[in-house]
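Worksheet: the structure to be examined is printed underneath.
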Amino acid sequence: MNKIPVAILGATGAVGQRFVQLLDGHPWFEVAALTGSDRTVGQKYGDGCRWILPEAMPAYARDMVVVPTEPGFDGRLAFSALPTDNAKTAEPLLAAAGYAVCSNASAYRMTADVPLIIPEVNPDHTGLIPRQQAERGWPGFILTNPNCTSTGLTIAFKALQAAFGLRRGVVVSLQALSGAGYPGVPSLDIIDNVVPYIPGEEEKVELEPRKMLGTLRAGAIELAGLRLSAHTNRVAVTDGHLVCASVEFDAPADPADVVRVLTEFQAPALVQTLPSAPPVVIEVRPEADRPQPRKDRLTGGGMTTVVGRVRPDPLFHIKFIVLSHNTVHGAAGGALLNGELLVAQGYVK
Amino acid sequence: MNKIPVAILGATGAVGQRFVQLLDGHPWFEVAALTGSDRTVGQKYGDGCRWILPEAMPAYARDMVVVPTEPGFDGRLAFSALPTDNAKTAEPLLAAAGYAVCSNASAYRMTADVPLIIPEVNPDHTGLIPRQQAERGWPGFILTNPNCTSTGLTIAFKALQAAFGLRRGVVVSLQALSGAGYPGVPSLDIIDNVVPYIPGEEEKVELEPRKMLGTLRAGAIELAGLRLSAHTNRVAVTDGHLVCASVEFDAPADPADVVRVLTEFQAPALVQTLPSAPPVVIEVRPEADRPQPRKDRLTGGGMTTVVGRVRPDPLFHIKFIVLSHNTVHGAAGGALLNGELLVAQGYVK
Amino acid sequence: MNKIPVAILGATGAVGQRFVQLLDGHPWFEVAALTGSDRTVGQKYGDGCRWILPEAMPAYARDMVVVPTEPGFDGRLAFSALPTDNAKTAEPLLAAAGYAVCSNASAYRMTADVPLIIPEVNPDHTGLIPRQQAERGWPGFILTNPNCTSTGLTIAFKALQAAFGLRRGVVVSLQALSGAGYPGVPSLDIIDNVVPYIPGEEEKVELEPRKMLGTLRAGAIELAGLRLSAHTNRVAVTDGHLVCASVEFDAPADPADVVRVLTEFQAPALVQTLPSAPPVVIEVRPEADRPQPRKDRLTGGGMTTVVGRVRPDPLFHIKFIVLSHNTVHGAAGGALLNGELLVAQGYVK
Amino acid sequence: MNKIPVAILGATGAVGQRFVQLLDGHPWFEVAALTGSDRTVGQKYGDGCRWILPEAMPAYARDMVVVPTEPGFDGRLAFSALPTDNAKTAEPLLAAAGYAVCSNASAYRMTADVPLIIPEVNPDHTGLIPRQQAERGWPGFILTNPNCTSTGLTIAFKALQAAFGLRRGVVVSLQALSGAGYPGVPSLDIIDNVVPYIPGEEEKVELEPRKMLGTLRAGAIELAGLRLSAHTNRVAVTDGHLVCASVEFDAPADPADVVRVLTEFQAPALVQTLPSAPPVVIEVRPEADRPQPRKDRLTGGGMTTVVGRVRPDPLFHIKFIVLSHNTVHGAAGGALLNGELLVAQGYVK
């Protein structure tokens, strides 16, 4: 088939670069536009972008001229790596102009008529799109993926919710530096240190999973009943968010059953056919000390959620840890998978 | 007064070195013996010890000849930095030979007739000593201080227990490398990484606070009813254990009241007179992102417990974080304070 | 005596904060003014400054109101922690207005009539001040201290130059993050990494020592003949610059003699009386693997230069390593010592 | 063709594991034996080996039973990752028993009749093998690859020697932790620190390049005249050794010519055909701040030498930096390439 032309919004930032890299050689999509800020508009991407990924900048991007983030660029589908403030103003204008916007920004995640999607978890929530278009009179639309810390956690929760019912949980994150973008965290703040606070993060982690685990009924999402308490911390790790979770089910469960349920969890059939879908959705490590960020973050190319240390919890039912690659599945890779889902479901043609 | 001669058991290891340093110029104690393993016995301490602290080795220790860890060395009070296995066999022999052993080892912490003490928390638990001596026929005795992660947590819990009643808590640690001793954690395991497992640690953190917060009644400790669930992690920090805690009280409490209670918490009057007692037991930081290990671990010379981020918890009542210096108050400093308590209470003369 | 009122220019930055800390309780100086940028002018220092040092902000500074960096502030002596560009314009205006400016900025270090001073090395170079004042018609003047990497190196070189003559050297630095200020180096650039380039640094390290080791003759400095080649690198260390040096003397020298010469090196008598003078100018470590930044940077309160690994060089004569605390002696502490020198020599009254 | 059966000696250590990984799916070789220490002999590799690489343990190795490092195991070619002491005794016994030993150990690198080889540099030095076999009466032989720090340096030097003549150089390394094996450097020694000493390393770096750049004449190697002075340092980097070099040629050279010569450098034709030969031998980065270990170590799969910052040297002629992956080309990958060379040259059939 002819490839679908796509745009990357905010292409010069940390997440934008990851989009540029992941879209290199994509079987369905072809990058037709890279947008940037006033500083970079008009420059070649290779000149205007301070590339920070270890992988080399893809050849296709180097000579593309950066364009403004406003209607008119090529591409029907726009992957947004915009900062929240920019996203807030730019994304509605683009949806109104007919673009399908797959956004990694937090600006509209909790908006009632905007889908918040992890394809392995709630692909049916795209059912909000017609309502969004009808109510707002937009030919295009906005669809979002969750916060990087919510991603792996929600995937594990989905498997557990289906099997055991999920009531409550305390979740404590040890998050990677790339989650703060670039330049992000100053090195003097993190060498031989932990920063036990990430602005706005705990609120997102306590709320976003409930929307994704919720139910689409009569054109609206009923939040899942699950109640969460989150502590979020920044540690001296480049990539890979680790989360410690203690959870309460509807009834006690055996750790071995929990391991089995997580291991056997599969994405819906349609999602399994998407090019960026992880080969294995959840991998459960049997070792006492895994997963670890540096050793396990690239499992499944950064798209597999890795769980470990499944054991009884003295207060609730089960304790475990979850690792997810924050700039792959937790950001650009998640948005990309959402874009593929839109094609498979016919929302983007 | 004449100084009391003391010994340091296992003086060449990481905790042993901290004892050597903290006892330099101590107003009550004078180091009369340094014990070591077969490898170092007979050597001068300055030759046999690979000193790893940033502070210089105190002059008094350099020419002392390392002696075996067996009855016969000088000193009535013995500070034990022995590894658990050695402590298990050596400490009872020493107590039987008349030494008062203040041990940092975990071997006997949960033994029914052995006090587990933080002077700011439960100095009355030394009341177990006479029972221990009577039952075992020992002229000396063993007294222990808790695990480094339990230390700061239990001090904060003590204040909260007294004011609000304490029912349940989930606690997740981000622990420093020095807690694993030297050589301890290989650098290849921790650069750009987290190790989400510390053998035996979660069990200690879930149990030790309950003994210290318990009640001495009829010569035995009734464990506090508090139930804890712990996750323990190793992070790339040299010193300073940080713990995230979500706790449930007997009834809801206002964060401002919690801050006040923690800030006003004081050690019993006798404990306040001890030379190593922290000037302030608990300091509550008002900033959104403090305490942090590198910036706050030396508060009160490493003897003050630093709390921060006191806020409502969506599941329980209150969330907060606690920082404590793991090799000062959490190890050698804690044992030293215990030794001072023994003198003040008359158990050591 | 009455304390001399002093100002700190650029007091909210990383080096400015170190001045604020080092001047707390200073026996000769009293801080009378703190200057800042437009963003902070008019705010209390405690509110406008994002304090990054591990030591607490001194009480004296908290309620002082930040004033603009322009003539009119209190204090005869001004310690400048201004960025280079600001220093370039502001410092001459202040000197013209009568202030004695002790600058840590690089803007005027190599200017012919501006002294570049390390008191232990070339206190007589203040002899340039009268020429500077006469030629420019300034009642005040500018005096500078060297780049942080040049500092320790030049102190060691001074001792060697006097004893053996110094012809050539290759110097390679492993520099700390605090040398880049705050926020400075992004953490994503330095975790599990080295940045082998620091803009403008190699040129400074190759040139500044030659001015300080040069000779004041007829109102001008003749550069020392010494020729240097520098490589400068940034490593994941918070404080403490380490430099590897291979040097050629006028004639071969025995390593033992080099150690002796370095150890016995003393500052001129007047300099030894200054409050901030290091108790020992150079300490030579005998261990095979010292000095190390984390273990040795606080030697002499960060004012002592620590040398180690003195050994024969296969190409030149001697190899060794030098460690110096880059924000203490290498920046604020060095400028402060210069201010004290000005008082002792009568240039500031 | 049928694959050649090979053995990995010391297969459970850090370098041994890298051999196991690099030989997975090798087009010419098939792993027929894994040897280990007494502790692991008789166990399955998957059980006895504490795997530390980020890549998963290859399936082929998991169920292989570890055998002793003594004659009798399968495989004609043995890749040795033995510690130096073991290598010293075991390797001659194996050569005497007919094995071709490609050793990464330092034990015999400077032995007169043992080739020290980097195929891109001196493949003709295998000409020492017949002499070694004749003199010692061995049906097998020992061949070695250089120290990890010497590897990248010698490749760059080879290109420069051929074009400009190479007289002298000062080289200063910033070496990765994996170079010290596992557990290797304790984390407490390297967080927020540099260790400016690596036992025996400077001697190797000063001598090994001279043997490889030397000339095989009449059955012996004449060392190259090049004289080197080395400083070696350990930094907080997992993989990738960076070296700063200042070198003197026979005559001055323009940096642009140096860049051209390095870029155009090619391995001998036969070497280019080897399966593990780097696609590009030397890549020269044009950026001011590259190469950097984390960003550039995997260039060419870790087999390409990356050079940067080529610029004039004030003392000698040219300064530059070199990055080489220490456990790939600098250890297992280098030995593997040597094994392939032996096949291509007919020494192993």
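Each chain carries a letter (A, B, C and D) given by its place in the written order, and its residues are counted from 1.
Operating definition for what follows: contacts are C-beta pairs under 8 Å (C-beta built on N, C-alpha and C of every residue); 3 or more make two chains touch, one makes a residue touch a chain.
None of the values given here were measured: they were computed from a predicted structure.
Could you let me know which interface, B-C or B-D, is made of more C-beta pairs in contact?
B-D is joined by more C-beta pairs in contact.
With centres defined by CA atoms only, which chain is the most remote from subunit B?
D
Centre to centre, by mean C-alpha position, how many angstrom separate subunit C and subunit D?
Whole-Å distance between the two chain centres: 42.
Could you give the separation in Å between the centres of subunit B and subunit D, each centre being the mean of its C-alpha atoms?
One centre to the other, that is 47 Å.
Take the average of all CA coordinates in subunit B, do the same for subunit C, and state the distance between these two points in whole angstrom.
41
Multi-chain contacts in subunit A: which residues touch at least two other chains?
In subunit A, the residues touching two or more other chains are 191-192, 236-238, 294-295.
Could you list, by residue number, the parts of subunit B that touch subunit C in their complex?
These residues of subunit B touch subunit C: 54, 191-192, 238, 294-295, 298.
Can you check the complex and tell me which residues of subunit A touch subunit B?
Those residues of subunit A that touch subunit B are 168-170, 172, 174, 191-197, 199, 206, 227-229, 231, 233, 235-238, 242, 244, 246, 288-295, 308-309, 313-316, 319, 321.
Tell me, which parts of subunit B touch subunit D in their complex?
14, 52, 177-178, 182-192, 236-238
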